[in-house]
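One chain, subunit A, appears in both complexes that follow, with subunit B as partner in the first and subunit C in the second.
Moving on to the complex of A and B:
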């Protein structure tokens, strides 16, 4: 390739195309950027006005960072490659004040010993605040509210005026990028960062959104952060006026972290989502049909929870404002054009009838606090009395799970979080959104922590977990919640007073351990697994997806793989009414061309025609509303209004640079050559004139 | 810092030839026209060369082969250009400031040579020059501390001057039926072209330096021939 460019001087250069030359000079690297997000009062995240470029510099330790800052011999701009755990405000300040920083590459995972999992410090620091989303929570106006995340550094809320990108060996493409960057950085290091040419990286990271959400929404330079929540119920005939109480089983579906492409949230959300899906599967085995029980069971999985409980708050706001006055019906399909709702079936849920909320919070057991994994049941401390009975039931079922049936997970105890006589109230959770509208709903939030959230909350490095612990915790949580929900739905408060049919039925509710393993695997690292494939035929695509980000994305602009899967799974599970006499299902609806056409009220899920009440619900900050022109505006700045800035195409490329000194030398040579030849021409013209005069 | 590289390379590659153009060609309208038409001739030669390159898909990346027909075509078109100028000479002389001067033909040859050279310089180097605006550089394969942009700029600069000399020598050669001069032009053209392969040589250390020195030696030799011819012409006059 090089020779092709060189040979151009032999008069054939026009034959080498421009793309060839570009590829010779530049190596485009897969990019995992930190982007700018905006809220009511300002912005957070990363941006650079111009395309920043800097010579690759490798710093593995804090000493390396200090050495970089104090090395007077470094006279260029540098891209510093650091392990992710060195990305802290104080270290960034050291780099910034050196005036030599162009950009930062943070290695989340790498094959180099300095970046390996074993090199990670044991003392993990959460990048979130000391109380994530608490300003939008139930106790926002309570003085001295309990700080659930005391190690929180607030890194996610800092403003960086230079690009920060991640490197992670999570797939082939990113591993290649990592390898080429590290090879180049090591070569620069071997040259002492002085022996040019050195390898340099250029970043494009221009963010359009500026100031705050209000300003950028007016200019159209940002989009609300959000996506689709999913709710589902086995009671297909549920209505607002049927007076039947409702039991809500809920969890969050999304998470956040500095690098959205890496957001995984096994601790923050995936484990909870897996639990709710496993509960739905377990309850579908009930020998007593779920839709005949004295209470309705409603599953909710919320998106946007990492962004000020956007999903749950919007859901609660919408169900409490029904019936909706639809001013402009949609031109096609369901919902309403103005005020905008993509679906209106939620009006069938009566919020006044919600009689119990069972929520699964962080339960992956990644806290690293040591000791035996335990599940803690949290209740609200303001209207504590409302939840006492429910809490007692949860703890009791957790304790005697082994007495009714042999249970391998009985080893994991369930405790009331206030068992140490400290009443901290609820940790940040979706339930808060319900309790904000009506405080006396019995509510239990199940987590793996008593006093302190996992430091891996909203962390980019929550990608390695203690597998048996995580499975056992999820299994126990699913078991406790499914049985509690079943008893609640049956209206049984005392297990001793159950009828023989009920005793038999509750024994049928068994959590499928294999399903939990599959779900955890599918939803965290391999979306193209057979379980997801059964529903969504993902492996038919050209590049089957593997690890997908759990960042919710921006509203209506991205595909929502996890909500789509949750919808399909819940639709399938809630359509099962009675395992003892299953109605045969019609199959063949998803083949192309379809051999079977489902009835108008049926859905084709996993190649079967089913009837289900499973719906998506828009999830974005309740402070944002859409006007009749379909433009977003801030309705209430005191509520969550998170938006993501729009960007110019983002990317980074690697190339050789020459030293600033040699570039100046090139310019001087060019100028000297031009001046000298001008002089020679001027002189020889005079000479020629003189000589030719003799003609 | 990329602007520095860009201007450095632009001045290096085109500074001397632009000085020549502004200092000696631009004041004379007919020389400008001659220069442009000669540039057009060079373009046609290279158009044919690229057609052959396109058809000869097997040898596309074998540069010594490509050079063979590219240089040959250029020399062929140099002869066509000579024939054209030869035919137009009486007309050209009529409007010249010294219609009887015997140096007119040398002036035409020089302008035509600059046209050949400048078009070559633009076509062969402009892609690299544009790329030098970007932050990245390509390092010269044989001189790993210098960017290829700069080496190419120097080479371009020398080769443009080469073309001026070659055109003058070959015109004298064609006029006087001095095949030795024509042979010199063809041989040194091949020599200069093959020397540039040294730039990308992975085995020859400092190949770019040998290339530049070799080309300078060839240029000086050609210049001596030109001066000798001019002197001869001058002496014949007086």
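Moving on to the complex of A and C:
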């Protein structure tokens, strides 16, 4: 009877499940971690070999951090919650040498007054190096390279052996995590960090990769960083041998920051991408059809540019090594299985025919020195004679913009970057990849800075824009680039040499201001907007995506929202328009079930069947290659070989801890009990043996 | 069940020591250490063959030599295995993640 009761009690206790017990102890928090990345010489980022746990400690200012380090009464290990802008090399050193640091939580944006946007200091410091990616740029082998980011702290390239996570109130789940953590930290603070039990946070942040990319790829513990670049041209019949020159319009699609889930990069890349998309839209309405002009126009948006210009370098490498001998054809779809290419259409582009490159760099006007927004046109200073005419044309068109249509962007001047007689050369840009292959291509890079890059370069706080200035800068840049490209494509290098027909037609090149505002909003803060919904049915999903990271991600591992959108948008803008018999496009191909089936050579974009030459292109470090067994290996360690480490499930959880003193007391009590009970058992056995023997 | 060493005849002790000594050359250097530990309780018996002493002495010298060799190899391996690339991975057998 007793045993039956015992068994049923045990069963009931077991059914009161393990999950409930877990929930009473732990509180899982959403996590935005800093992870480990590897390159040819070593690794950067955060690693935690064991689960790190620390009592939550709140430090809002530098004085708080120093007080934490000097406080002798703190006996535990602590998880320090600091505002993101206090995350600098020196502050981290202070925390580490205190020997009380378990992990750091950096708040990028929070509701607490210490973490709010209004509390952000005005002087921002870029975490990138003093010359980002310059070791892979055009001037890598020249002595005394011009440092384009002199205030850069290099935080992105440091190694941390403890977890660093971010907190940001950008959506519901993360806001709840932030609220839990702050509530717990405030309670700890109210108790003076001495009145146990206190709230503690445990981090699981174990990265598999170590040493460098070569060792890590060999062991299969990391994946190359990269994604998909997009290129598009209105000349759907372009071929390698058609002897027609090419005008390239290019921008970067990705950026980086310490916390990859938070990477936006409005200044670092999004504004440039928006400009190129707006240019494509403006040129699509040209009254002189683009595919009848004497030169081809090719739009390129590269991914992986933040990682040593991986996207543009690979693109240039591939188009200069056509034709490709495909040894193993793919099992399905296009491209080639070995050597591996997702798509082979790039072979139609002839790099020897590229006669102009127009690039849009940092254009949002944020994080700069201040002053009136101005656009600067940079050219290479090694072979500068090649770009003189193009530069003159860009500046000329920038000036003429004010005389055609009255518009607010008339106030934004376009100057040559060397207007102060200092020839700095090109800032770090994708065009460098083209120029490394052939240095005499006329190239102009438009940016909002003359002497140094934005202090928000690759910063986690590069998540906002200035309402009149940013839009005006983008609109002016798009206007200048579209008109320059339009003239260049017709072989006109001097505005004064335009034919009357061209002078009349150029007025049709109008940049759509509303489109720029929509694109900027959709691509940074709210992906489920009507513009994106027209192409990709995003609002229909369970949790409509709002803010998506602009980190390029790892190769082939996830769907890439921005390349997919760029592909759809550019495909629509460069699609063949039947000018002679303008029948409306066939619609209905995207509904389920589809009411219309597109022809084999057509794509279904925005519910219409279109013909377009818009393709993806693999983007990952050119130093990495794939062998016939579909494994990655390092082909050339002097080129970018960035990889991201695989990791064990990342997690963050909160629980109560008692004081170290009481924990030791518990241990001693347990030991004492063990000894006492062993003693009791031993003596009673001896006693019983004696008494029983006497019997 | 083996006899305890104190109850063995001098001949049996000689045979045991000889087996332990030569067995060590079959890539079993621990047997040399066992030789010393095994013979130690009876090392001063008068009726023991002098050859036993020689075997035990040589076992001792070889044990020290192997200890030095292993220590040096351990130091080299632990510090340089990451620099050896593929051979280093093969020698490590079970690869530990994160290092």
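The rule is short, and it goes like this: the second predicted complex is superposed on the first by the 645 of 695 C-alpha atoms of A that agree within 3 Å, B and C clash if a C-alpha of one lies under 4 Å from a C-alpha of the other, contacts with A are read in each partner's own complex, and residues count from 1 in each chain.
Following the convention adopted for this analysis, a residue touches a chain if its C-beta (ideal position, glycine included) is under 8 Å from a C-beta of that chain, and two chains touch if they have at least 3 such contacts.
Quick caveat: nothing in here was measured; it's all calculated off a predicted structure.
*Asks:* Between subunit B (first) and subunit C (second), which does A:219 come into contact with in this model arrangement: first, second, both, or neither?
*Replies:* second
*Asks:* One more residue to check, A:678. First (subunit B), second (subunit C), both or neither?
*Replies:* first
*Asks:* Where does A:635 make contact in the superposed view: on subunit B (first), on subunit C (second), on both, or on neither?
*Replies:* neither
*Asks:* Applying the document's definition of touch, where does A:210 land relative to subunit B and subunit C: first, second, both, or neither?
*Replies:* After superposition on chain A, A:210 lies in contact with subunit C alone.
*Asks:* One more residue to check, A:49. First (subunit B), second (subunit C), both or neither?
*Replies:* A:49: touches subunit C, not subunit B.
*Asks:* Touch check for A:96: first (subunit B), second (subunit C), both, or neither?
*Replies:* So A:96 meets neither subunit B nor subunit C here.
*Asks:* Quick one: name whichever of subunit B and subunit C touches more residues of subunit A.
*Replies:* Between subunit B and subunit C, the winner on subunit A residue contacts is B.
*Asks:* First (subunit B), second (subunit C), both or neither: which does A:438 touch?
*Replies:* In the superposition, A:438 contacts neither subunit B nor subunit C.
*Asks:* Look at A:669 in the shared chain and tell me whether it touches subunit B only, subunit C only, both, or neither; answer first, second, both or neither.
*Replies:* The first partner, subunit B, only.
*Asks:* Can you check the complex and tell me which residues of subunit A touch subunit B?
*Replies:* The contact residues of subunit A facing subunit B are 2-16, 18, 21-22, 24-26, 51, 53, 196-197, 200, 202, 653, 655-658, 660, 662-671, 673-674, 677-678, 680-682, 685, 691-692, 694-695.
*Asks:* Could you list, by residue number, the parts of subunit C that touch subunit A in their complex?
*Replies:* Against subunit A, the touching part of subunit C is residues 82, 85-86, 89, 95, 97-99.
*Asks:* In their complex, what parts of subunit B are in touch with subunit A?
*Replies:* So the residues of subunit B touching subunit A come out as 1, 4-5, 7-13, 15-16, 18-20, 23-24, 46, 49-50, 53, 60-61, 63, 66-67, 70-71, 74, 98, 101, 103, 120, 123-125, 127-128, 131, 134-141, 144-148, 150, 152-153, 155-157, 159, 193-194, 196-197, 199-200, 234, 237-238.
*Asks:* Could you list, by residue number, the parts of subunit A that touch subunit C in their complex?
*Replies:* Residues 47, 49, 206-211, 214-215, 218-219, 221 of subunit A touch subunit C in their complex.
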